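Here it is, the structure, as C-alpha cells.
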Amino acid sequence: MTTIDRTLSVPSPKSITAPALAGKTDTMVLNMGPHHPSTHGVLRLVVELDGETVVNVAPDVGFLHTGIEKNMEFKTYQQAVVMTDRTDYLAPLSNNLSYVLAVEKLLACEVPERATVARVLLVELQRISSHLVWLGTHALDLAAMSVFLYGFREREQILDIFEMVSGARMMTSYFRVGGLAYDLPSDFLPTVKALLDIMPGRIDEYEDLLTNNTIWQERTIGIGAIDSAAAIQYGYTGPGLRATGIDWDLRKDMPYCGYETYDFAVPIASNGDIYDRYLVRVAEMRESVKIARQAWQRLKDMGPGAFVTNDRKVAPPPKTEITHSMESLIHHFKLWTEGFKPPRGDAIAAIESPRGELATYIVSDGGPKPYRVHLRTPSFINLQALPHMAKGQLVADLVALIASMDPVLGEVDR
Amino acid sequence: MLGSYAAILAMFGIAAFIAVFVITLSRFLGPQKPTVRKLAPYESGMEPIGEAMTRFPIKFNLVAMSFILFDIEVIFFFPYALVYRDLGVPGLYAMGLFLLVLLVGLVYELKKGALTWD
Amino acid sequence: MIDHETLLARLQATFGDAVTSAPAMRSGESVFHVASDRIADVALWLRDDSEFAFTFLENLCGVDYLGRTPRFEVVYHLLSMKHRQRICLKVGVAEAKPHLPTLTGVWQTANYQEREAYDMFGIVFDGHPNPERILMPDDWHGHPQRKDVPLGYEEVAFSINDEQIYARKPFAQE
Amino acid sequence: MGLETKAGDLGVVTTSLETVVNWGRTNAMWPLLFGLACCAIEMMGAQGANYDLSRFGMEINRASPRQADLIIVAGRVSRKMAPVIRRLYDQMSEPKWVIAMGDCASCGGVFNNYAIVQGVDEVIPVDVYVAGCPPRPEALIDGIVQLHKKVERMKLDGTLRDRTPIHV
C-alpha cells in the first residue's frame, strides 16, 4: 500500500469547513454554493482562500442526484434508453450510443451499416452542439457576451436537424437497441449538407472572436494547468487529457461504430491549461465536421436501406408488416409488453463523449430488465482534478477553470 | 462673498433632498413584508455557518496604501494647482514636504512589488 | 493484446490463489476474481508492471447481488493505454463485513468512485481519506441503490386522488 | 402597497395606478439565474438569438434573489436541492412568482423515485406549470405570457386575484 500522495488528494467539504468552524482564521472559507452564476449548474464549491489566492477547493456534488441508475433497474432495456438521455443533457445522443452499444454487446446483435454510419454522423453533430454550448458559456463567464449568441445560432440549426430526425430537439432517444428508432427522413441529407458547408466558416468566426483576443489570452494562458501524470492519476479523460499532451481518444485508440475507417486527426496540445483546452475543443469541432462530411458521403452513396436490425427478437417489425404476418404480430406484441431478454452476463461499452470517456457497464441476469447499470460519466471523474488545478489560482480564475472543465451536473450526479 | 457659498449650499441641499426623497419613496410605496427567513443572509442557497467577520489577510494593506497614494494625494493637488502662483515658494515647500512624506509609501510599495502587475 | 492465460499465469505467479480466473465479459474483456484483502496490491502491481502497464483506472462500481453470498461485488476496470486493452477485476464483499482496502493510494480517481460506492451500497473502503456520502444528503438513512431498498414510488397526481396529493403538496393550493 | 392603505381605495385613481404598476411589473420581470438540469439548457436556448426572451422584458437574469421577481425552476428538483430552493424562494422580495418549467419541476416527470421531489409545489407555491420534457422555447414563452396576463390582473398590494395555477 503506497502512502497517499497528500498533494493529489481530493478534499471533501467537511475537511475544509470543520477546521474553519474550530477557529482556524488564517484563511477564509467561501461557499460558492449550489445557486451560483458561474458553477454551470448546481455544483457547490467550498473554497479556502488566503486573501485572493485559492488555498484549497472542495467540490460538493449531489444536488442534482436523480437516481437514474436505480430507476433504470425498473425499466426494460428499450425503456431505459429514455433514461440515458437525461444524464448528460448537452449530448443526449452520446449517452444513447454508449448504452445501446453496451446492450448490443450483451445481445451480440448485428446493426446494419446504414444505422452505424447515421449514428456516427449524428453523434458528431451532437459533439459540435455540445462544444457550442461549452464555448458560449465559457466565454460568457469571462464576459464575452457575443460568443454565446453566435454559438447558439448554430446550435439551433443542429437542433432543427435532431428535431427533423427524431421529433425532439434535445431528448431525442433516437438510437434504439439494434439501430435507429425511425428511418432518416428524405430531406435529412440536404439539410445536413447545408449545415456542414457553413460550419467551418462559423468556427472561423468564433476563433476570430477569441483565439487572438488579448483579454482572452490574458485570462486563460497558464491558468489552471495540470500535467499529464496528475491527469492520469485523476482518471481525467477527454479534451482536458488531450490538452496535457496525451494522445488518447477512444475514437482512434479503441474504435467503435467503425471509427477506424474514418480519417480524422486527434488535436492535442502541450501544457494543459485553460487556453489549451479551448484550442483542443475548437479543433475538435473542426474534426467533427470532417467526420460528419465523410459519414454524409457514405450515407449518400448507400442510398435507402435497413435502419434497424431485422432480428425480430430485438427490434420491432415495421407496422405495415404486422397486419399481414402472424409472427410479426407476435414479435411486436412480445417486444412491447415484455421486451427482449439478453443472456446472463455483463458488458461494458466506452465511447468518446464531448466531455471524455463515457462508459456504460450493464449486468444482466437474463430478465427483461437490466440487473444493474453503472454509467461511468466523465464529468464526475474529471471534477476530482478541480482542486489540484485550482490551488494557487486567483478566485476569479476559478470561474474560468470551472467553465473550461465543462462539467454537466446531470452527468456528475446521475 | 456669501453669494458663491450660497450656490454651493443650495447644491448640497438639493442633492441631500433628492437622496432622502428617493429612499423614503421606495420605503412607502414598495410592499414591505420582512420575514425572518427573507432577511437571512444570502449564502448562494446554503445555510451560512461560522461568523462573517473574519480577520482580513494583511496583504490587503498594500491595496489601501496604493489607494491613498494615487487617489487621495492627487486630490490635494487640485486646490494647490489653482493657487500655487500666489502661494509662491513657501507653498512649494509645504507641498514638497507633503509629497516627500508620501514618497516613502511609494518606495515601500515598489520594494514590496505591489505595483508589478502580472 | 494480452490474452487471458498469460495474464492469469503472471498474476497467480505473484499472488498465488488470491487471483482466480472468471468467465470473460460478454464484451470480451478478461475478468479476474481477486481476494478482497489483496486488491490494492494486485492493482498496484498491474499499474507498475512495465510489460502490462495498466496505468489507468477506468471504472469502479459496486453491484448488489441480493441472495448470493458474498452479496456485494466491486467491479474495477483497468485500462492499458500501451496495449489499448481493458481488463476487469471483481472483488466479492460479504454483507456482514462490507470492508475493502481503498485504491486511492494507487489512483486518486478512486476517491469519488469509492465514496459513491459507499453512499449507494454501504461498502466501506478502509483508509479512504474522507469516507463520507457524496450524492445523497448528509442526513439520509440507508443506502438507496441496494436491491432491498424500494424505488420510492410516489402516487401520481390525477383528478381522482386530489386530496391525497394535496395532503403531500401543501403549497399547491396557495 | 403603502400608499393605497393610507389613501384608502380611491376607485378610479388607484385602478389607473394599478394598471400602470402592473404594466411595469409585467414588462420588466427579471428571472432569477437558476438552472437545474436539461430545461435550463432549453431556457438558455430561449434566451438565445432565435427565441429571444428579452422581447418580454426578461433581458437580464439576476443572480441574486433580492433583485429577481420570478424564479423559473428549470429542471428536476432533487431531495438535496429542495431546502435550497425553499431558501431561495424565501429570500426573494415580494411580489414574486414561480414558473415550474418542464415535467420534472411540475410533477416529477420521468423520474418517480427516491431522489426526486415529485413536483416543486411540494416546496414552493407555483403560478404557471409549463409542460414538456424539455418544453420548447415557444412553450416557455407561452408560459411567461400567461403569467403576464395573470399579473396584469393583480391588485395593488401584490395579492394575485385568482390563485388558480395555469397549466400550459
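Should a chain be cited, it is by its letter among A, B, C and D, assigned in written order, with residues numbered from 1 in that chain.
Everything below uses one rule, namely that contacts are C-beta pairs under 8 Å (C-beta built on N, C-alpha and C of every residue); 3 or more make two chains touch, one makes a residue touch a chain.
Bear in mind that the values here come from a model prediction, so they are computed numbers and not experimental data.
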item	value
Which of A-D and C-D has more C-beta contact pairs	A-D
Centroid spacing, where centroids are CA-atom means, of chain C and chain D in whole angstrom	42
Averaged-CA centre spacing for the pair chain D and chain A, given as whole angstrom	31
Whole-Å separation of chain centres (CA-atom averages), chain B against chain C	58
Chain A and chain B, separation of their C-alpha mean positions in angstrom	49
Chain A: positions in contact with at least two other chains	33-36, 62, 65, 67, 70-71, 413
Set of chain C residues in contact with two or more other chains	136-137, 144, 151-152
Where chain B touches two or more other chains at once, by residue number	45-46
Pairwise touch network: line, ring, star, complete, or other	other
Every chain pair meeting the contact rule	A-B, A-C, A-D, B-D, C-D
Partner chain B, residues of chain A touching it in the complex	17, 20-21, 25, 28-29, 31-36, 44, 50-52
Residue numbers on chain D that touch chain B, as the complex places them	1-3, 64-66, 84-85, 87-88, 90-95, 157-158
Footprint of chain C on chain D - complex, ascending	79-80, 107-108, 112-115, 118-119, 121-126, 163, 165
Complex contact set, residues of chain A against chain C	1-5, 8-12, 14-15, 61-62, 65, 67, 69-71, 74, 102, 105-106, 108, 232-235, 246, 248, 253-254, 343, 345-350, 357, 359, 361, 363, 372, 374, 376, 380-381, 383-384, 413-414
In the complex with chain A, residue positions of chain B that touch it	43-46, 48-50, 54-55, 57, 59-60
